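Common to both upcoming complexes is chain A, partnered first by chain B, then by chain C.
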Partner chain A sequence: MKLLVCIKQVPDLESRFKPDAAGVWYNETDLAFRMNEYDEYAVEQAVRLREQLGEGCELTVLSIGPDRVVEAIKKSLAMGCDNAAHIQDAAAYSKDPWQIASIISAYAKERNFDIIFTGMQSQDRGSAQVGVIVAELLGIACTTTIVNFDYDNGTITAKRELEGGIKGVVKLKTPALVTCQLGLNVPRYPTLPNIMKAKKKEITAISVAELLKEESLAATTSFHPPAKKGGGIVLEGDIADQVEKVIAILKDKTAVLR
Partner chain B sequence: MNFELSQDHKVLQSAVRDFVEKEIKPLAIKIDEDHMIPDELVKKMSEMGFLGSYLPEEYGGAGLDMLSYAIVVEEVSKACGSSGVLISAHTSLASGPIYTFGTEEQKKKWLPALNTGEKIGCFLLTEPNAGSDAGGTATTYTRDGDHFVINGSKTFITNGGYLGTGVLLASFDRSLKHKGISAFIVDLQSPGVTILKNENKMGIRGSYTTAFAFDNLRVPVENLLGQEGKGFNIAMDTLNGGRIGIASQALGIAEGAFERALAYSKERKQFDQAICEFQAIQFKLADMWTRIETSKLLTYRAACLKDAKKNYTMESAMCKMHASETATYVTKEAMQIHGGYGYIADYEVERMYRDAKITEIYEGTNEVQRVVISKLLLS
Partner chain C sequence: MKTLLIGEYREGKMLESTYELFGFAAQLGGESAMLMVGSESQLPAYGGTLYLADAAACGEYNPDMHKKLILEAVQIENPDCIVFLHSSYGWDLAPRVAVALKAAQVSEVIALADGGFEVGCCNGKMRRTVKPATAKTVLTIQAGSFPVLQPGGTPDVRKLEAAGGTTVEFTGYEAAEKKDVDLAKAEIIVSAGRGVGKKDNIPVIQALATALGGELGASRPVVDAEWVSHSHQVGTTGQTVSPKLYVACGISGAIQHLAGMKKSDFIIAINKDKDAPIGEIADVLVVADVMQFVPAFTAKIAR
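After this line comes the complex of A and B, so read on.
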């Protein structure tokens, strides 16, 4: 079995964003970067499957971007991925989902992965397109926003989150791609011994020019940082109403009540 | 010259930070109130590899370096000074000397259980009448066949209450002063070991600070650490490395208090504006941050020198002295910025203020650090 997990490094969303010089994306100066949250669920699920399948299974982690993304790659290796592909691209931020998906599918095409894991979306661009376009380009099955994952003998059984708290179960034959949602699992911490072991794992660097043959289809033309926030949401009404509103917010925005 | 952490160190820092945020930070107030770190947390920290960070993999350690160790202690101490010193004393003062001075057999026998947290380590040097003056050690030993027999008492032993593995200093002839001292590896579950008490302290209340009595404690001769009569040198070398751990703990405490003070100064409004708009608060923040940054540079530098196997005696003394004085200063100012709320336990800076003070005292008082630094300057 060959598994692939695709990750992106994104800025800490609590940072203060400023437009870059061209005004089309954020300025990276002074931002702290970390692995996209949804991709952490993808890595965790891929590592769990890797452990379930044992010997003979190989899990590769892929990330596109400048040198800094190697930090996120190394974290994935410390969590249990076997090896990595770093698609070197200092201008990854300027590429649209079509181009990013084209790069990933060009990498994956000849390598015949059985299952590809991605996050549901990135926390910064948030298009939620990359995973599904990769599946389409590779001509493989795909399901999105999964909150539970099982694999047995060539079949994936995934629970999907629908709107309004409704869930659905889908079955799909491999090869397949799944996009991972909050609530799927609790990602493990990379332990110190595993961080050490990760140093010996291979990271293959590939220039983006080798893989990207597509023009962008949608260009971001301007970037607008959020207005300075006020004091959060103030709930009003009697206590019972307020409790209901809090529960609704917790259900909608977090995993604590799922 | 490059002042950036390597990518590997950044990965480690962020992994430790995530763990601390979720697993330690929510427990810090309770650890202080209960005077103990929950066993479950000690287990989780062991599983993370926090108790064997720089010890080699062949002895069950993580195989990382001294800088990684400093980062671990710093990040943990941002949330909980008690947990920080557990790691520091365990690693620097017990595993450290066994690794540096032990025979291959001793390393194989004692280090795996320490590195995986099965045993918690401590360093039994201080006595009621021998603190900074370690040459005054009054605990004695005699040889009896294939055993040494130890009698005496030790006090202020960090991690002692776990009754794990200790490195103990004792003298065979008190008139020889420091030349009469030898070091032993002891299993504190042995007959003849009595805990007199775990001290009730001002700060780092989750950390055991234990007083012991030893009554005919029999230690097999193979547990002698290094050569007989060389215990004082072992103690001094051990404390040298240990100072990097305490500097990291102090640095973490200072950073933890600073983070809270900075956030609070932006939230707290008086006279229709956030208090961070007042220059009185701005200048405090500037002074606090500058001292934190200088402490960090000194501490990381001492760790890097040790990693490079260069002499780091002066640097470890300087980083311990400066970071600890930074910790007491920053926590005091953080409390002041919080005003009355700073004095309330829920806001945590009062605990950090209490936790900070000990870093100026243990692992060699700051007066001893000044002796070390000035001696080297004048030698």
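After this line comes the complex of A and C, so read on.
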């Protein structure tokens, strides 16, 4: 069995975002990067399946991006992936989901993966498109937003999370792709021995030019903060003072404090 | 602009969110038609063309077949935009239609922008304007961003039949977990988010809820990490609440959380990040460390 998991590196979302010089994406200076949260669940599920299948199973992790994404790749290797493909692209941020997906499918085409795992969405761009497009381009079965995954003898049984906490149960025959939702499992922390072992695992670097054949279908023309709705009161400064003010506001504006 | 709107139907009922599609189409202007895999007993109150396929025959979740049906309607109508809700149904199906048409897809549209569409990014903190470069565009619109609009009337139904197999077999629904607290009835809710730091800090948030005579709520990561049970979760995949007072402790204000609590009468948010999107809907934003502010606040009201 051959498994693939696709990961993206994203900035820490508690950061302050400033537009870049072109005003179409964020400026990366001062941002700390880590693995997209949804992709951690995807890696964990792929690693669990890898462990279930044992010998003869190979799990590859793939990430498209500049050199910094190697950090996220290393984390996946330390979590239990066998090897990695780093698709080197300093301009990955400017590509639309269609292009990112066509790069992944160009990589996956000849390699015949049985199961591909992706996150349901990336936290910075959040299009929730890449996984499904990859499956369509490869012509394989696909389901999205899974919160439960089970594999047995060529069949995946998954639960999709629907609105209001209802779930939909689906079965797919491999080859197939699933997109992973938060809470699918509990992602492990890499242990020190596994971090050491991961250093020996192979990371193949591939230039994006070898895989990218498609033009973008949509362009970002502006990246900006939301228009301030205003109205709300912002309280800064001393805690005791903030407490006094909040209590005064509650007494004035609501009936919850007598 | 001509639009094809894709309605939603689940467990034998048309979903009310379908009416947000009409709200979007009204803002965009131009002609529109709708397609729904549903049933004749559940028609939208709308006087236009409705391409209807029978869910009993096609399945409520059958992406291969639903894609084919949509492509058939696209052939007949030749729309400029094919519009889905950004929902478990929409984000699953939209990219399949977009790939088949090689059309640009813009996800999570929250507003129309000059020549393009406004979408949220960076967990709701920032916005992008996206301009499609293709003749046809596939869109998914964010729930709650466009008004609910019931155009009224009875649709001109055109039946579509689907044939062919499927690669994804749907075997049934599983009901939501039983709730041990009904937050919908609570007048005061104090919710814990990831910003409370760790499970050991939950009692501090619970203490404020108790002091105010309210219930404990939570954001999703707090539930996923098993700090509190799922019955406390507020949001699209948890409960929808509208208390007199909602206190958000260390919650960033992601769209899926806001969808569950933005109708609260009065909202207080405690967050160390002044730019957190929760600030956009909060009546009061306390910029502070939640573990410093909350105990001090509780102590003051408890006295």
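To be clear about the criterion, the second predicted complex is superposed on the first by the 224 of 258 C-alpha atoms of A that agree within 3 Å, B and C clash if a C-alpha of one lies under 4 Å from a C-alpha of the other, contacts with A are read in each partner's own complex, and residues count from 1 in each chain.
We take it that contacts are C-beta pairs under 8 Å (C-beta built on N, C-alpha and C of every residue); 3 or more make two chains touch, one makes a residue touch a chain.
As the structure is a prediction and not an experimental result, all values here were calculated from the model.
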| item | value |
| --- | --- |
| Partner contacting more residues of chain A (chain B vs chain C) | C |
| Partner chain in contact with A:G154 - chain B first, chain C second, else both or neither | neither |
| Touched partner set for A:E71, first chain B, second chain C, both or neither | first |
| Partner chain(s) touched by A:P190 [first = chain B, second = chain C, both, neither] | first |
| Touched partner set for A:A218, first chain B, second chain C, both or neither | second |
| Contacts of A:G23 with chain B and chain C, given as first, second, both or neither | neither |
| Touching residues on chain A, where the partner in the complex is chain C | 11, 13-14, 16-17, 24, 26, 96-98, 120, 123-129, 132-133, 136-137, 140-145, 159-173, 176, 182-183, 216-226, 228-229, 231-236, 239-240, 242-244, 246-247, 249-250, 253-257 |
| Complex interface listing, chain A residues touching chain B | 34, 70-71, 74-75, 78, 189-193, 195-196, 198-199 |
| Complex contact set, residues of chain B against chain A | 7-8, 10-12, 14-15, 18-19, 47-50, 52-53, 57, 61-64, 68, 72 |
| Footprint of chain A on chain C - complex, ascending | 10-11, 61, 63, 86-88, 91-92, 94-96, 98-100, 102-108, 113, 115-116, 120-123, 125-134, 137, 140, 167-177, 187-188, 212, 220-221, 223-224, 230, 233, 236-238, 244-245, 252, 265-266, 268, 273-275, 277, 279-288, 292-293, 296-297, 300-301 |
